Amino acid sequence: MVKVEFLGPIGKEPMYIEAKNLKDVAKKLQADPEIKKWLDECAVAVNDKLVTSLDIPLKDGDKVSLLPPVCGG
Amino acid sequence: MVKVEFLGPIGKEPMYIEAKNLKDVAKKLQADPEIKKWLDECAVAVNDKLVTSLDIPLKDGDKVSLLPPVCGG
Amino acid sequence: MVELYRGDLEIEQIFKKWYEWSLDKNFGAMVSFVGTVRDENAIEGLSFDVYKPILQEWFDRWQKRAQAKGAVIKMAHSIGNVPVHTSSFIAAVFSPKRRVALELIDEFVEDFKANAPIWKYDLKDGRRIYAKDRSHKMDGSGILNSL
Amino acid sequence: MVELYRGDLEIEQIFKKWYEWSLDKNFGAMVSFVGTVRDENAIEGLSFDVYKPILQEWFDRWQKRAQAKGAVIKMAHSIGNVPVHTSSFIAAVFSPKRRVALELIDEFVEDFKANAPIWKYDLKDGRRIYAKDRSHKMDGSGILNSL
């Protein structure tokens, strides 16, 4: 199982899903209309490292984080 | 009489000279070898306003200041 | 290390601590940036969520970049509610020479606004309203919708 | 007004005073620059002469320029001796928005170095030695030798 967490204003509890890579995660999240509307705007981190490609294998216990638009300061 | 003052590191007491304009001052200062060596490097103020031309009339009591290279901070 | 504090920052204390730390390090220049909550749009204040692990990593990359120029960066940020006319952010660059510090603080603060994992909310009537229109997509956003 | 102090500056006090002054003015950004005397060339410190009338006028022109952008500039500088690892200069820009403050502090500090009527001396064995090699001719220098 992979943990998917939603940071900041998305305001959703973490999900636990079966996924062999980030593409699997993308497919499952696109199927949820509440989440899908955030996907265009979110950056993605795997185990707290930002990633820029979906070709990333995942294993049990990995964490995927969605980061919506930011504004510090 | 016009007062000529030498700021910062020039380390010279003020001079009082007869001058109808800044050109007169320039001529008198060029005649003093101790002062002449500073002239290339000094900016000039008349009554505490920086000037960029010698075509400036002077009257009794005016003050001309020589400002050598600066380095604040 | 990024310094995070609950509520508004005690700017004078943080500035004093950093300044005193710097004195025997032989830096010639310290440039600091302070962000203060403006009274606008009828807000009571701002509120912030911070995701520390990625913020720290982002900051560590900047620290390495500063180090390569002989400089050091420090930053502190608020978590939670920050009332109008109090401060939520301070950053400082210390360097032997002024050009490095003046250029780094500018680049650091701009990248901070664009890429630090911090989310801002307006506080109105005690409610938090995500400041979406003032927020910026981080680098690499949208890949989960790119299939 | 330019603030001038004999000897090294009490930076924390000045910063605190300016920061507190700014809080109810609704500025969103404060950017400050502090210059500290480095331990180099075997000096005991630096020493400064300041010509106040022309410094104030130079500063007033910058204040007008800042005002036109909704900003305010403050500065303080030392007169006389400033030991190694203490500070001789602090400047700050306050503005509603960060870009104005970040750009103004840079332009202000660079013009300060080039055109503020302040003369710097190295202190060695208690003697003042004019730091001529690090000094800059002001705009308009040399006219008295141009006949």
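To keep things simple, chains are lettered A, B, C and D as they appear, and every chain counts its residues starting from 1.
The working rule: contacts are C-beta pairs under 8 Å (C-beta built on N, C-alpha and C of every residue); 3 or more make two chains touch, one makes a residue touch a chain.
Since this is a predicted model, take the numbers as computed values, not measurements.
Visitor: Which chain's centre, taken as the mean of its Cα atoms, is farthest from the centre of chain D?
Guide: The chain farthest from chain D, judged by C-alpha centres, is A.
Visitor: Can you give the whole-Å distance between the Cα centres of chain B and chain C?
Guide: That pair's centroid distance is 49 Å.
Visitor: From the mean C-alpha coordinate of chain C to that of chain D, what's the distance rounded to whole Å?
Guide: Centre separation, chain C to chain D: 26 Å.
Visitor: Note the residues in chain B that touch 2 or more other chains, in rising order.
Guide: Residues 73.
Visitor: Going by the touch rule set out above, which residues of chain D reach two or more other chains?
Guide: In chain D, the residues touching two or more other chains are 35, 98, 109, 113.
Visitor: Considering every pair of chains, which are in touch?
Guide: Pairs of chains that touch one another: A-C, B-D, C-D.
Visitor: Flag every residue of chain B that touches chain D in the complex, lowest number first.
Guide: So the residues of chain B touching chain D come out as 7-9, 22-23, 25-27, 29-30, 36, 39-45, 48-54, 65-73.
Visitor: Contact residues on chain C for chain A in the complex?
Guide: Listed in rising order, the residues are 35, 48-51, 53-54, 57, 77, 88-89, 109, 112-121, 130-132, 134-147.
Visitor: Spell out the residues on chain D that touch chain C in their complex, using ranges where they run on.
Guide: Spelled out, the residues of chain D in touch with chain C are 11-12, 15-16, 19-20, 22-24, 26-40, 85-86, 96, 98, 101-103, 105-106, 109, 113.
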